[in-house]
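For reference, the structure is listed below as structure tokens.
Think of it as A, B, C and D in the order they're written, each chain with its own count starting at 1.
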Amino acid sequence: MDFNILRVARVVMNVTDLNNSRDFYVNALGFIETESDDQHIYLRGLEEHCHHCLVLKKAVKPGVHSIGYKVWHEDDLEKIESLFKKKTLHTEWEEAGAQKALGRTLKATDPDGIPLEFFARMETVERCLQKYDLYKGARMQRIDHVNCMVPDVGKTVAFYNDELGFRCSEYTATADDSIWGAWLHRKPSVHDVAFMNGEGPRLHHIGFWLSDPLSLIHACDVLASMGHADCIERGPGRHGISNAFFLYIRDPDGNRIELYNGDYLTCDPDFEPVKWDINDPRRQTFWGHKAPDSWFSEATEFIDSASGQPVIQSKAVLAQQKPDFVT
Amino acid sequence: MDFNILRVARVVMNVTDLNNSRDFYVNALGFIETESDDQHIYLRGLEEHCHHCLVLKKAVKPGVHSIGYKVWHEDDLEKIESLFKKKTLHTEWEEAGAQKALGRTLKATDPDGIPLEFFARMETVERCLQKYDLYKGARMQRIDHVNCMVPDVGKTVAFYNDELGFRCSEYTATADDSIWGAWLHRKPSVHDVAFMNGEGPRLHHIGFWLSDPLSLIHACDVLASMGHADCIERGPGRHGISNAFFLYIRDPDGNRIELYNGDYLTCDPDFEPVKWDINDPRRQTFWGHKAPDSWFSEATEFIDSASGQPVIQSKAVLAQQKPDFVT
Amino acid sequence: MDFNILRVARVVMNVTDLNNSRDFYVNALGFIETESDDQHIYLRGLEEHCHHCLVLKKAVKPGVHSIGYKVWHEDDLEKIESLFKKKTLHTEWEEAGAQKALGRTLKATDPDGIPLEFFARMETVERCLQKYDLYKGARMQRIDHVNCMVPDVGKTVAFYNDELGFRCSEYTATADDSIWGAWLHRKPSVHDVAFMNGEGPRLHHIGFWLSDPLSLIHACDVLASMGHADCIERGPGRHGISNAFFLYIRDPDGNRIELYNGDYLTCDPDFEPVKWDINDPRRQTFWGHKAPDSWFSEATEFIDSASGQPVIQSKAVLAQQKPDFVT
Amino acid sequence: MDFNILRVARVVMNVTDLNNSRDFYVNALGFIETESDDQHIYLRGLEEHCHHCLVLKKAVKPGVHSIGYKVWHEDDLEKIESLFKKKTLHTEWEEAGAQKALGRTLKATDPDGIPLEFFARMETVERCLQKYDLYKGARMQRIDHVNCMVPDVGKTVAFYNDELGFRCSEYTATADDSIWGAWLHRKPSVHDVAFMNGEGPRLHHIGFWLSDPLSLIHACDVLASMGHADCIERGPGRHGISNAFFLYIRDPDGNRIELYNGDYLTCDPDFEPVKWDINDPRRQTFWGHKAPDSWFSEATEFIDSASGQPVIQSKAVLAQQKPDFVT
């Protein structure tokens, strides 16, 4: 391809109570609140110089408005538009400033119906990485990746890799070698986006990078101290896939957040994707811990920007919804 | 009382295969192997100057021979003997050297039938705390405590506190204020011994102190790398009781070992025991994680030294075997 | 002896600006401010249930009013009084409440002129160990020890060990086997008090226990972020003596504070004191780092409670003020 | 430019005793020894799937043979050759296999005389990231960057940025705004290569990524335990520049190695280079620690591959050799 997607850069999603969400994201997780109004909170991680990586939007029920990717150059946007048009996928332009802090933006719907945004510019703000006196809770450092459930992972991966230039670092296969899940990256980490087999499209989780494993342990302690122990869904643990030390939590609206630290550099083209068997107990959690059933079944729906209605979902093509040892 | 028990100092227990156990305790957990022969392995933690804190004894099936306490002075042994005799509890002397590295030893059976040993002397060896190039796996640093299941915790606690001079740091009570579990100490940590309600007497686990929380995370990684992921039974997590960061693992014979770090100083007599409700989800794991059922039901039997037969067990007096949220 | 000193429990010292000190101790170091008025700030560590372990007293210049030790029982106070009287050392009683939160107190002057306090009771308050949302900066957990410069360490150690029942865990000797420094404990850690050869008596530093090594690294980051980088005098490093991971900082008035984590259990009477050569480069810092000259020469004077004047100091009896490699 | 340099990928350097070096790099630092013969040791980090990132070559005295960069595609090599030829800089081809494990290689000399290598292929081997039972010492995870002293940093940076496509993340300027040092990257970390003002060209150090800060602390402990405390030259500390937690050590031949963890993602083109004043005490070490003079004056010379003689060095154009507070 002749364009350059840099990385996943932001997610816009609904929350039902801004103050509850602020308490969770800012006080417990340690995000920096760049700005807010009575309808939005704009959050960024400690190292981020971009205005935000997460927009919380007040709404009556949960839903994800878009996954945003940052591109290298303004001209990349037209090239991406051409691609989506050629595939007869919906596209739409927004001028700079139409959304807070955002430059000219191409909105586009991927083949699964996931609402995407591409942009080259976002307002920059002060990086707080060395303002250690502001560090709180989980010390969220930056957005790392998103993970989506889609009905046909093989097909989705073909689009992202062949058309958008993503590369696969690791993947999960079923007994008959069908792709059950795939971890795809543009920046040279294990992933910017992962796709897993399931009714979808749905956003499974957003992953944020932490500086070290003890910040993650401290996050558990802080969440419990604040009365949020119930939000811990899975972990802490070590992933087989990606090698990251992880924790999955659910925000006050049930949106799933991953705290993530410790994958590896993936820039070499001779790095062969790592294949895992879906029923390998060390795949999900290297230490053998089983994920709870909710982790496989629950996710947040996307919202169609034109209609404001939920994006229509399809059943998964693979019969196996989860590893055979998860009951 | 007129004697001074210093601390829990050793456990002697059966294993069925010394080489399997060596791989687990020395290579994965990082114990120092002080000495061994074809029937025993003597292990100590990195900071310990005593010859050992754990004796693994080759046998056809699991079983615990004794829990050993170190006392301040040789004369304390006679005073403890008097106490046990007055209570018509079994006592017996072993001369110095009758057991490897051990000084003159009083063997005594507590009211629950738990075989105890008291001694003032054990051979000293080199402390390896600053031989960091020997650190491996979990970097086990020292024995911290034992935990036993007994049928009537209230009665057992009365004996240990009133007769032996232990003090309670924290305890768990049922709805009607019966003591379900109690954490008792002589050294000023949260415990040297804990007792929990259950069919018994049985040894629930031995807890070892680690220098820091990341050693515990590394232990999980090393155990999984060596193919021992199955041995991880519960955790990592933070205890509500004791505040310690913990991991429970099972050795190749099913004996339960706790990796433990981060409790607090308990030497002040005005420190009131902390009371927890057995059904408080933050009691066992501050983060709300549920312990598995096996953690409540499985433990290792004690062996009567005279008969070589298992110590007879009794049913628990309290009906509640575990928190109501554990199924 | 027939009394039982439990542990070092508090220090009362002057600061010249309460707000500057609050910023340093509360915001940067993470102490809990139990209470304050326009002349005092009362601080405690996160795990402490005692009202305070450090009293900052507004004054025109630095100075230490007393080092306080907690004893097991009220009756111990009379026994300690007898000892000091027998030695013709100054003693004086204060009724409960004469000082904020303090029970009946025996004030006594040790042979070096150090003003001591002994008490069995201090008001208890809520322990914040599991209020992780309150954790800040260095996350100071509890008072661990004090370190004083005295002119004749050998003589001082004899008094503390033979008369007060302290035990030596480690010591430093010069080429001719004179004791240059000694680490003495009542609670079973490496020390409650250390004495080092130097013009004195002076308070060299107060050491506080941290839960883990990364809290100490974070403390450096926070101090630097707040503009207090200049306060870092020595470390982070690993002590040869005690094995602790340490950092020495100077408060806004120059009082020296040690952040300390990772020593070992010392309750066994058969543990022989560890001897170090003063010129062994691994003694002070196991990694070979040299302490700065200020660390050997600067300390805070004590204040005589009767006169309100500085306690008279004497020259050190040993010629060697510092290791030969420190210039 | 029309070629794509991926990252710094290897360094080839002399050592005088392979066994001493093995003890240092493999046993103390935890590199994986991929292969060796009586003239070479080939080392890689725990996550690396490439055959090696460091070649130690037996020789009578220290010297660096080359800095190797990996490129995206074989065709990139010809394009890089053209560039160097156009600048009348020396180039030379080596066929695949001429050096152990290396594909077809373009050797080229940069304007400062630094011997470079470019290659698209290196034999791949097993990644040991999840073989935690092999982790030792510093747990070196991957090569991160090199740092070179050159006489005119501004000129060197112009070549690397304008001709080779590197981008500057941070830089140091003197009072008159001359560039004293610059941190340049291809992979989206703070740097693949840094250049500092000094007599040169010389290799100042090679930096390796660690998974977490405690591995670095453990490295200090292990080095000291093995009798290598003298090798610790600077740190541990936090860099102002890059924000990394760092340690500088010297190998048995004086080659400088940096242990490095904790910088940030630099893939966004709108990230403006961070400017630091050379005399800002927080620039080098955020905590204000001063680097020793040796750190500014000592470095390893490069060896000209044709002549086998040291590459000729020039005096630095800027008068200021080091911050004004370093004496």
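Just so we're on the same page, a contact is a pair of C-beta atoms (placed from the backbone, for glycine too) under 8 Å apart; a residue touches a chain by one contact, two chains touch by 3 or more.
From a predicted model like this one, the values you see are computed outputs, not experimental measurements.
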{"item": "Subunit B against subunit A, contact positions shared by both copies (same if over half, else different)", "value": "same"}
{"item": "Pair joined by the larger number of C-beta contacts - C-D, A-D", "value": "A-D"}
{"item": "Centre-of-Cα separation between subunit D and subunit B, whole angstrom", "value": "49"}
{"item": "Subunit C and subunit D: spacing of chain centres that average the CA atoms, whole Å", "value": "44"}
{"item": "Interchain centroid distance [CA atoms averaged], subunit A/subunit D, Å", "value": "33"}
{"item": "Shared interface positions of subunit D, touching two or more other chains", "value": "130, 212-214, 221, 224, 286"}
{"item": "Subunit C residues within the subunit D interface of the complex", "value": "213-214, 217, 220-221, 223-224, 229-230, 232, 236-238, 245, 281-282, 286-289"}
{"item": "For the subunit D and subunit B complex, residues of the former touching the latter", "value": "27-28, 130-135, 137, 212, 214, 218, 221-222, 224-226"}
{"item": "Contact set on subunit A toward subunit D in their complex", "value": "6-7, 47, 49-50, 70, 72-73, 121-122, 124, 127, 129-130, 141-142, 187-188, 211-214, 240, 243, 262, 264-265, 267-272, 286"}
